[in-house]
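Below, chain A partners chain B and then partners chain C, in two separate complexes.
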Partner chain A sequence: MNKMHYVGQNEVRIDGLEKITGAARYVDDLEFGPNLLHAEIVASPYAHALITSIDTSEAEKVPGVVKVLTGKDFPYKFGLYMKDRYIFAQDRVRFAGEQVAAVIARSPKIAKQAAQKVKVTYEELTPVLDVDNALKPTAKLIHPELGAYPRVPWFFPKERTNIAHWRKTRKGDAEAAMREADVVLEDVYVVPRYAHCAIEPHVIVGLYDLAGRLTLWSASQSPFTQRNVFAETLASLGLSHKDIRVVTPYIGGGFGGKAGVSMEILGAALATAVRGSPVKVRWTREQEFCNTYQRQGLTAKLKMGVKRDGTIVALEHTLHFDAGAYVEYGANVVNAAGLSATGPYRVPNVKIDSLCIYTNLPPGGPYRGFGYSEFHFGLESHIDRLAEMIGMDPVAFRRHNAIREGDTLPYGAEMNPGNLVEAIDRVAADIGWGKKETPSRPGVSTGKGFSLFWKSPAMPPNAASSAFLKFNEDGSVNLMVSGMEIGQGFLTVMAQIAAEELALPVSKIRVETPDTDRNAYEWQTVGSHVTWGCGNAVRAAAREAREKMFDVVHRAYGFDPADLYLENEHVKSRAKPDFTLAYRDFVISGIQTPHGNFLGGPVLGSGMFMPEFTSATGDPETSQGGHPNVHYTVGAAAASVEVDRATGKVRVLKTSLAVDVGKAINPDLVNGQVVGGMVQGLATVLYEDMKFDERGKLLNPNFTDYKIPTARDIPDVVSPIIIETPQPDGPFGARGVGEHTMIPSAPIIANAVNDAVGVRIKSMPLTAEKIALEIAGTYADPHFTTGGRCKMPTEN
Partner chain B sequence: MKKHEITMKVNGEVRSVIVEPNDVLLDVLREKLGIKSPKIGCERGDCGACTILLNGRTVRSCLVLAIEADGCEIVTVEGLGETLTPLQQAFLDNNAFQCGFCAPGMILTATELLQKNPTPDDDEIKEGISGNLCRCTGYQPIVDAIRTVSRSGKSGGRGKSGRSGRPHE
Partner chain C sequence: MISTEFEYARPKTLREAVRLLGRHGKSARILAGGTDLIGWLRDDLVKPDILIDIKGIGSLGKLSFRQNMLRIGAGVTITELTESRAVRTHFPLFVEMAGMLACTGIRNRATVVGNICSAVPCCDNGPVLMVYEAVLQVTGQEGDREIPMSEWFKGPRQTALRPGEIVTGVTVPKPAGRHAACFAKLKRYRGEDLAQASVAVLRSDSICRVAFGSVAPTPVRAPNIERILTSRMPPEAALEAAIDAIPKETSPITDLRSSKEYRGRMLGVMLERAVKTVASRLEGSGPAYGVNVLDDYTADAEGK
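What follows is the complex of A and B.
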């Protein structure tokens, strides 16, 4: 490949000036004029109850109230992968915080006051609050009509149970292989629910105008997916996709929480009830915690068998995901985990059962890492313990079993390129593996922990990307894509890809956030796939534009198109070195011939990308066949910690993370993902934790009680290492990186704490309290009936 | 509810506005004066996204009633000047933001920090910005950006020094 000028460079972010000057506009910053209405939602106080009556009459009398709406106004189901929820609760509520009614008023204050006058009476039912209870044969069914819900063909619900989806992956014969193993370890690991905590709460403004056009301004990662779900859900209004427009300005953080459709359905539905007036629904921080998506809780049972030489021979991994009241998106998280819960290891005999289980907690859904963050904690803790049992260094054990290009994946497809061994070696060197650090003071112990990680985008096999670009009179370009700038630097990366193909500086390319009317289709910005998918589409669009430029130069001057190339904003010819034509001289106005007429005209490019090799047609009993995942990004990480033996407080001295991104289009942005993702993950293992009371109500729905990291909570050093083994079908070899950097945070800390003070904690988070009590030998983990002390390893 | 007229100097301009006694300053700035850089993140003083400078000191404008600000001087990021301050330039050079939602509040907090202590060490920087939550960056690039300006003094701080500290692997 020729030397690249823009790809691989640390180009300045193209959204930077807007964001540091306050010019950047988010949905709540847009002006809608004095006719803007405000909606306040009436939420269920119960986790599980029948609605016996709703009386809106007092609320309707409040001056300034425009309309009060309930479930009977919108008897429509919606959902991304499975239609299992209604816009408003109908006859029953399934989680505390679920929307039951809405008051639309002239001001937020009036709406809030009137909402308190909506009288809802309930008949409370016993809530099902954990997966063990949900799976009992006597368990109350949360969705009695489960079997009738429309869903994608790769979901397998179990009717008349609380199991919304069961992904089974079978390879080889795990049971037989387990008998051949020298050492077998079986144990259970528990991961609680977590909140995304984007600093911007969800907000949407809807306008259904008098001409029948529905426009939504939405804080979303998924403008086109939202448009599609809105069109499907409100089909009875007869709205065509062309008449629905979703505009997504900058969003203040997503992390999966603003993917798909959660509260946004309210903006779309309520707008149709107040035709001609825009209506805003903005979540409070408490609603943000209780009624968007939460990361699902996981109880994972792991059984792994290894040979004395360190070879893994079998894995049985049973994952019980607490998916909450509705799983229209969350079931796909469970599915993704169920296909890949071996982690990045060669495992010849695999039995994975990944169950999506309804409970009466808030809906689970996508959160950075999408199932993988959840299961890596147990898997990588288990790996460390097995290495210890056979007397092998845990890094050497991982290296021995690390997956390599061409290996057979759990569902039978072939592993893509990626240099996991290099990642292991470089992280081990960077963290000083094998070297015990000197404690900084008496009373503390030092330790190091290691983990591998992998993740693939979890997406339907036809999740497509596309791009348009158009030249302007001065030779600059507008690029129109619908991937979302959620902070990762997507717009800049797309500009860099277009710049490289068009030999044009990034500063001459404008890329803006999506508008479904104007911009090309993108499925949604999730799964760390847009650099790859949309990047391919942008590259195709730029190449199409380039071909058009060559064509007009060929027709005007007779040069062979094969000799033409682009350089420094000019078309040039290898055959005629003195020829040079600036873009600005022809990309709009064309090229004048000796006859005075003009050839060519405005240069446009369009491109698309479909992962045509994927399919979700695997056998439901084994997952064999099909090609459900496009590729995996792999890597390794490690932590060096100090643990105070008296207080249990963990100080993270350093973390190191190596990730094979294929090609870093903008290395500084990759580093940003490493540092940000690592810190977000460290919080999940050290202190973040959603606490529910015995009736299913969230006890800590705010930043006072649900602590997220401040600047004082970060490691002394976070060291990013970029590895570049090209992805053959990626733009310039790139593959995704956004989520992966959060995945190993939990196990590297769990393993480092064990290394430092010799306690193995099997439930997250590893709070100081838990560690201190565990050191003292007095910790009783409520998740384990045996009292939480590590069971003695079993050998056979 | 009785309405009151209050007058404030906002980003250098004297502006009067009618408010109700329970109107929150953040809402008045955003909805009545069109100043959109202070953001609504938690409405209870936890996140710092609504940070403004009130008479030269950072406050969380979600915790201040508008009538309390009568006669006060307010500066938001929009009022830092038409050209970038060295600190803003350092934020740009260091990618000290991602989604950008916390950036206006973070920049004002760091501005105040550097006014009080022009040469903070890393611990002082972290302490100084610990009331402003950022969920994207992991804070390290923000600390790097502030350190760049702190070391180079009030008038300098431009350039790419922050980035060169993190080599391309």
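What follows is the complex of A and C.
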């Protein structure tokens, strides 16, 4: 390949100046004029209850109230992968905070005052608040109609239970192999729920105009998926996809929380009730915590068998996900984990059971890491313990078992390229593995922890990307894609890819956030796949434009298109070194012939991409046979910590993370992902923690008691290491990197704390309190009463 | 968003404020920094008929230091307090505490007096004002009176203030002779947090005062511990005995922020580190004011 000018360069992000100066606009910044209406939601105070009556009459009398709506007005189901939700609760509520009614009024204040006058009476039911209770044969069914819910073909609900989906993956014979193992360790690890805590809360403005168009301005990662869900859900109102337009300005963070459709369904539905007036639904921070998506809780039972030489022979991994009241998105998190819960290891004998379990807690859903962050905590803690049991260095143990290109994945397909061994070696060198750091003062102990990680996008097999681009008179380009700029630098990277193909500086390409009327289709910006998927589409669009440019030059001048190339905003020919034609001289107006007429015209390009090799047709009992995942991105990470033995406080001195990204289109942005993901992950392991009371009400839906990191809580050093083993089907060899960087954060800390002070904590988060009380021997973790069961090697 | 309806008044004089307060009684709320009150209004936790904004009363915004007496007016913000040269020189404990109190934005707005009027058990100014033996000035239609800090807190969110009264300020005497102090705050992380537990220690050649926050229904002084620490016992033995006495002085509970076990255990660590830090500061060798000895503790390292 020729030397690249734009791809691989640290181009300054194209949205940076706008954001720094405050010019960037977010949904709540948009002006809708004096007719803008405001909606306030009436939420259920109960986690599980039957609705016996709703009286809206008092609320309707409040001056300034336009309409009060309830489930009766919208008896429509919706959902991304499984239609298990209603726009408003119908006959029962399934989590505290669920929307029961809405007041639309002329001001937010009137709406809030009137909402307090909506009288809802409930018959409270016993809530099911954890997976163990949900699985009991006597458990109350949260969705008695489960079997009848429309769903994607790769979900396998168990009717008349609370199991919404059960992903089984079987390879080899785990049971038999476990008997052959020299050492077997079995234990349980618990991961609580987490909140995304994007700084911008969810907000949507809907306008159903008198021309029959429904336009939504939405803080979303998923404009086209939202359009699709809105169209499906509101089809009975006569709306089709062409009538619905979703505009997504910049968003203040997503992390998965603004993927799919959660509260946004309210904006779409309510707009249809007040035709001609825009209506805004804006979540408070409390609603942001209670009624969007939460990261699902996980109770993971791990049983792993290894040989004395350090070879892993078998893994049994049972994952019980606390998926909450609705799993229309969350069940796919469970599915993803169930296909990949071996981690990036060669495991010949595998038995994975990943269960999506309904509870009466808020709906679970996508959160950076999509199931992988959750299961890596237990898996990588377990790996460290097994290495210790056989007397092997944990890094050497990981290296020995690390997955390599061509290995057979748990579901039978082949592992894609990626150099995990290099990642291990470089992280070990960077963190100074094997070297004990000197404590900075008496009373503290130092330690290091290591972890591998992997993750694949979890997408339907036909998740697609597309792109348009068009040249302008001055040779500049507008590129229209519908991946979402969620802070990761997507717009910049797409511009770099187009720039490389079109030999045009990034500054001459404008890429903006999506509008489904104008921009090309994109499934959603999730799964760390848009650089890969949409990047391929942009590349195809640029190449199509280039072919059109070559064609018109060929027709005008007779040059062989095979000799033509683009350089520095000009078309050139290898056969005619003195020929040069600037883009601005022909991309709109064409090329004039000696006869005075013009050839060509406005140059456009369009491109599409779909991973045509994927399928979700694996056997439900084994997952063998399909090719559900496009590729895995692999890497390694480590932490160096200092633990105060008296207070239990952990100070993270350094983290190091190596990831094989295939090709870093923009290394600075990759480094940004490493730092951001690591800090976000460290918060989940050190202090973030959702706490619910015995009736299922979230006790800390605020930043007073749900702590997210501040500048003071960043490690002293976060060291990113980029490895580039090309992905053959990726743009310039790139594969995804976004979620990956927070996946190893929890286990590197758990392992480093164990190394420092000799306590193995098996439930997240590892708060200072837990560590101090464990050291003192006085901590009684409600989740654990034993240290796990194990079979030790016999002496010989 | 605040949906409750109320009147708003911004009197120019204290007399006018007192008159309004007398008229509305319990249905009035005083608005100073508003960093607590506005949140409570938004969450519908309070529904006053009137907010009396005292920021327009010039006399309440004054901070002075005369004849070894610091006077903090009711309108003085945490930032104004800690930027005062007199405070930085003579009352560095305020600076140490303020550095751990919320964030810059809140400190620019929140007042010292407002913090103790909210009277939550974790209020950071409570233990500090207690060890300085500060005195509050209160006025009302019945006239003026003074309330020593030791009699101020009556329970969670309850104070000795009577309906119709307003706190105009607090006076803080400068401790006599050579003195040093330390404020330690247990937080869930280094970022801004409410105290899981806090301790303030103030020592001079003649006195030792200790107060705790977040480990009882109100901030509390610890007279038994003070007595032990000023006894003739050797310092190490006294410290050990003081730590043993903590359960008698405190009654920590389990809540969202911490278990009572952790609180109890950490009080010992905090008292030890604070006492040792004060000792080293008295000798002129301790860490500069502003460190949190729970995150960056150096007294032991220097001792060894």
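Assume the second predicted complex is superposed on the first by the 784 of 796 C-alpha atoms of A that agree within 3 Å, B and C clash if a C-alpha of one lies under 4 Å from a C-alpha of the other, contacts with A are read in each partner's own complex, and residues count from 1 in each chain.
What we mean here is this: contacts are C-beta pairs under 8 Å (C-beta built on N, C-alpha and C of every residue); 3 or more make two chains touch, one makes a residue touch a chain.
Remember, predicted model here, so these are calculated numbers, not experimental data.
> Touching A:Ile722 in the superposition: chain B (first), chain C (second), both, neither?
first
> Per the contact definition in the header, classify A:Met415: touching chain B only (first), chain C only (second), both, or neither.
It touches nothing on chain B or chain C.
> Should A:Leu699 be classified as contacting the first partner (chain B), the second (chain C), both, or neither?
A:Leu699: touches chain C, not chain B.
> Is A:Ala198 touching the first partner chain B, the second partner chain C, both, or neither of them?
first
> I'd like to know which partner A:Gln680 touches here: chain B for first, chain C for second, both or neither.
first
> For A:Gly489, select first, second, both or neither according to whether it touches chain B, chain C, the two together, or no partner.
It touches chain B, and chain C stays clear.
> Looking at the overlay, what does A:Thr710 touch: chain B (first), chain C (second), both, or neither?
both
> On the A-aligned overlay, A:Ile20 touches which partner chain: chain B = first, chain C = second, or both, or neither?
Touch partner of A:Ile20: chain B, not chain C.
> I'd like to know which partner A:Leu773 touches here: chain B for first, chain C for second, both or neither.
A:Leu773 sits against chain C, while chain B stays out of touch.
> Give the label of whichever partner, chain B or chain C, reaches more residues of chain A.
Ranking chain B and chain C by residues of chain A touched puts B first.
> For chain A, which residues lie in the overlap of the chain B contacts and the chain C contacts?
Touching chain B and chain C on chain A: residues 284, 704, 709-712.
> In their shared complex, at which residues does chain B touch chain A?
Spelled out, the residues of chain B in touch with chain A are 30, 34, 36-37, 39-44, 46-47, 49, 76-78, 84, 88, 91-93, 95, 97-104, 107, 125-127, 129-143, 163, 166, 168-169.
> Would you pull the chain A residues touching chain C in the complex into a rising list?
108-109, 112-113, 116, 284, 441-443, 644, 646-647, 649, 651, 686-687, 691, 699-700, 704-705, 707, 709-713, 767-769, 772-773, 776, 778
> Applying the document's contact rule, which stretches of chain C touch chain A when the two form their complex?
1-3, 186, 188-194, 256-259, 261-262, 265-266, 269, 294-295, 297-298, 300-301, 304
> List the residues on chain A that touch chain B in their complex, please.
On the chain A side, the touching residues are 10, 12-13, 15-22, 24-26, 28-29, 31, 196-201, 250-255, 282, 284-285, 486-489, 664, 667-669, 671-672, 675-680, 702-704, 708-712, 714, 718, 720-722.
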